[in-house]
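Below are structures written as structure tokens.
Here come two complexes built around subunit A, the first alongside subunit B, the second alongside subunit C.
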Partner chain A sequence: MTVTVERDDNVKIIALDGQLDVATSDKTREDVLALLESKPTVINMSKVTYVSSSGLRSLLMIAKSAKSKGVQVIYAGTCSEVLDVFEMTGFIKMLKCVPTMADALKELGE
Partner chain B sequence: MRIDTHPTDTYGDFKIRPGLFLANGSHIVPGGVNFSVYSDGAKSVELVLYHSQEKEPFAVIPFPENYRIGSVFAMVVFDLDYENLEYGFRVDGEYDFKRGFAFDKTKTLLDPYAKVISGRDEWGVEPDWSNKFQYRSKVTLDDFDWEGDTPLKTSQKELIIYEAHVRGFTKDESSGVKFKGTYAGMVEKIPYLKELGITAIELLPIFEFDEFEGAREYNGQKLMNYWGYSTVGFFAPKAGYAASGKYSMQVDEFKNLVKEMHKAGIKVILDVVFNHTAEGNEHGPYISFKGLDNKMYYILTADGYYYNFSGCGNTLNCNNPIVRNMILSCLRYWVSTYHIDGFRFDLAAILSRDAFGAPIPNPPLLESLAFDPVLKDAVLIAEAWDAGGLYQVGSFPNYGRWAEWNGKYRDDLRKFLKGESGKAECMTYRILGSEDIYNRSWRGDTASVNFVTCHDGFTLYDLFSYNDKHNEANGWGGSDGGNDNDSWNCGWEGDFNLPDDIKYLRHKMIKNAVAILMMSLGVPMILAGDEFGNTQFGNNNPYCQDNKISWLDWNGLEKNQDLFRFFKKVIELRKSHPVLMRQSTATPYGYPMYSTHGTNAWQFDSSPESRVIGVLFAGKTADGKDDFVYLGINAHWESHGVWLPGLPQNLKWQVEVNTDLAENAVYDTPVELDSAQQFMLGARSVIICTSKGAN
Partner chain C sequence: MLKDVAFPAVREKLPEMLDLLSNEVDPHILQDKWRNRLRVCFEEILVNICDYSGSDKLYISCELINNNTFRFEFSDDGMPYNPLEEAPEVDVDAGIDERRIGGLGIFLYTTIMTKMEYNYSNGRNHLIALKEFSCEEVD
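Take a look at the complex of A and B:
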């Protein structure tokens, strides 16, 4: 799993690339949390091909940490297989997800 | 930093240390996974580790001698990729069939405490039968974001139970949900359940079972173990019921179902099967218990054979201290970890048998469950009989705590409704809480779970559409399923070329049944789909039918709107009159809280040919107003005029529902009655009246 910052001005875009499973989820969560500032952040999920149980928990913990700090986090571009998993397990109700990056930016008033 | 996070030993490339002796099963601990298992007669135990779905293990690690205390073996293995891990145990010990020892170190055994089981991850996908390890224990995370949820605290008096099969509920195309036949699909139907008004859902078994157990082909149809009354693992939710089962996320998916049900105010009750396991008799497979401690887990004859009080090959030795602790741990686990609100125990009479199969008056297991602090608020419902002939309806060891499926309610209501003579008086007992069976001062107000239909038998539509069962599709030449159905086809067997007047009568009979059920004291239970006239085409035992015979056909909701509307109305009536739930105390003006009547008020006719019953309920509404409800039943094939009991001067009767009015049995605006008016109760019909007026 690689974590890269794709944009960092008034909005931060963090891209994840790879599988989010027990081997990568803790590190990914730490990396993303370290990058969070007070500005609105979009997590680009379009290159995440798989999310396991522990991966789900990492995404949820990122969302909860951000919320407790008052930082807006949006998950954008999640592929349909992964989105289905969010839906089946109910995590979709706890994560702010939008279909595309453009939707995310629109949501942030851009 | 704790010192027990460090390995003390190595085995090959694996770092290990002695594990948690008080735990059962597997747990994620810092740096590794703990595995704990007990076996009384074992000489030695090996932990067998597999990568997910691989046939051969990547490691077999014997528990060293110092990793054993008493008969408990416990080990932490470090650095495991637990999401990609499956494990089992191999146990070496004596084999002596006659003495009950069945150890076989060639078998890899499922952890009896496995919280996730793989091997049947997607329903109906043919397993690789050459794989020697079919049901595979997995490690799971127990955490979940419950968002403040706990088991619901609402009173048991408010229960209105809806019995449903997870797969059958939404599997049919007509359900219109995205994730058909799964826990997630059920979540999509929660708004519907809320609209119907039920307050609890009782799920047919969801502990992991094998739908391929006993699978066969008949007439080109694949017949499966569809109902699932044959447990493989007691701690694991059925993977094949999870849309996410292929990703091993059934735990999260099922917890989400419970959480969402709770948000809608619906309790979740599980139908649990502790009377036997899927290991069958001496010809059955080794899955877990047989190879771990055969003598301990099963009730055996003096020469080592399995007693079969369950009708399914073996009988779990429920009152053995080890086994009863497992059952108690299991129920506590489901309540604390999954927030389950209650349990219905299949063939529960077995739970009162001792190690020799004899019923005992004070069974330790049932007593433990009744007094357990974690289970304190959990609903405990017994199916108070077993296949060994023990029938305990009314006499189930209950500690003032257990409720029972009231089989007598079902039988008497069916007989009375179809017009049998000599049933009127008995029917009044059933309506008023069956106090002849359940001593109220000892059993409380919710001992009687009243029902007309359940998964086992005809649906409500079929009850009034078939005189005889039609089980040919089950492949046993029609010999399976009960014959004592007390059903009546209303003059036409089945649906082919159904005349309109027969259809009309059937709808009326269905409404009569549910109206009485919702007005009866105790806890009402309905079968999923009955509210829209679902049919099983006359099959009264579709345990093996994973197809349109069993799956709910949601087209019925459109086709039989009158039924759905009626169910909703009588449920709403029950909920809005506390006296029907025994939640009303004050009785105004000296009226008895519950009284029975005949065609004349205050004159109940108990003679053999009497088929007219009036029941008056007198209490207070939730906001303290005087509240009267009258249930008028005419089970006769001719109409009868009835005099309703008089009301205090400031109140008037109003008719809320009248099943005689074909499809319009529910009044949009209740119809007021004159105080001196005789009401003409139509043939085979039911009315419900409530009091109205300034107060």
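Take a look at the complex of A and C:
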């Protein structure tokens, strides 16, 4: 899994690329948490091809941290297989997920 | 069909185990959604054995029965432990603050599989998972 910052001005866009599984989820969580600031953040999920329960745990910890800091986080472009897992576990109701990056930026008034 | 294929019970072998199961199962399953769901289950079950069983080895069996039902069996030589008894409640409607960090893995595999069973026999833990598909979902 690679974590990169695609944009960092009034909005931060963090792109994830790879599988969010037992081998990658802890490091991914640490990397994303280190990048979270107070500004609105979009997590580009379009290249995340798989999420396991350990990946869900990391996403939940990111969501809890963001909420405690008052950071708005939107998840953009999540693929259907990952959305399926989000739906089974209720993450779809807990995380703000939108189909595309354009949708995410529109939500943020961009 | 896989019959008691043995692996060292370590996380480093997880990709090999998952590949073995995928190669056995994926050709029969027509939807990516179900291939992905099964992989989620396999990863959770196998990681738990590697991390907590105390066993040096684990064993994987898999067979397709009645053309539409997969039977998976995961066994290990560790101390008797029934993960199905430990399944915590997961509130899928809970908000971020109320959500507990743990319990998602077992919730996923008990939700995805049609039936889960556990027994301890011949010095091994046996976790058995049955997944029945509709005719449209398997080939």
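Assume the second predicted complex is superposed on the first by the 110 of 110 C-alpha atoms of A that agree within 3 Å, B and C clash if a C-alpha of one lies under 4 Å from a C-alpha of the other, contacts with A are read in each partner's own complex, and residues count from 1 in each chain.
As a working rule, a residue touches a chain if its C-beta (ideal position, glycine included) is under 8 Å from a C-beta of that chain, and two chains touch if they have at least 3 such contacts.
None of the values given here were measured: they were computed from a predicted structure.
Undergrad: Evaluate whether subunit B and subunit C can sit on subunit A together after superposition, giving fit or clash.
TA: clash
Undergrad: Is A:Ser52 touching the first partner subunit B, the second partner subunit C, both, or neither of them?
TA: It touches subunit B and subunit C both.
Undergrad: Given the touch rule stated above, what does A:Ala23 touch, subunit B (first), subunit C (second), both, or neither?
TA: both
Undergrad: Based on the superposed arrangement, let me know which partner A:Ala63 touches: subunit B (first), subunit C (second), both, or neither?
TA: second
Undergrad: With both structures placed on chain A, which of the two partners, subunit B or subunit C, ends up touching more residues of subunit A?
TA: Touched residues of subunit A are more numerous for C.
Undergrad: So, does A:Ile43 touch the first partner subunit B, the second partner subunit C, both, or neither?
TA: A:Ile43 sits against neither subunit B nor subunit C.
Undergrad: Please work out whether A:Asp84 is in contact with subunit B alone, subunit C alone, both, or neither, and reply first, second, both or neither.
TA: Touch status of A:Asp84: both partners.
Undergrad: Would you check which partner chain A:Met94 touches, where first means subunit B only, second means subunit C only, and both and neither mean what they say?
TA: Touch status of A:Met94: both partners.
Undergrad: Which segment, 44-52, 314-322, 386-394 or 566-574, is the subunit B region that clashes with subunit C in the superposed model?
TA: 44-52
Undergrad: Using the superposition on chain A as set up above, list the residues of subunit A that contact both subunit B and subunit C.
TA: 21-23, 52-54, 56-57, 60, 84-85, 88-90, 94
Undergrad: Once bound in the complex, which stretches of subunit C touch subunit A?
TA: My answer: residues 11, 14, 32-33, 36-37, 39-40, 43-44, 47, 90-97, 99, 101-102, 104-105, 107-108, 111-112.
Undergrad: Taking the touch rule as given, give the residues of subunit B at its contact with subunit A in the complex, in rising order.
TA: Spelled out, the residues of subunit B in touch with subunit A are 81-84, 140-141, 143, 145, 147, 178-179, 182-184, 187, 242-244, 247-249, 251-253, 256, 259-260.
Undergrad: Across the complex, what residues on subunit A touch subunit C?
TA: Residues in contact with subunit C: 21-23, 50-54, 56-57, 60-61, 63-64, 67, 80-81, 84-85, 88-90, 93-94.
Undergrad: Can you list the residues on subunit A that touch subunit B in the complex?
TA: Where subunit A meets subunit B, its residues are 21-23, 52-54, 56-57, 60, 84-85, 87-91, 94.
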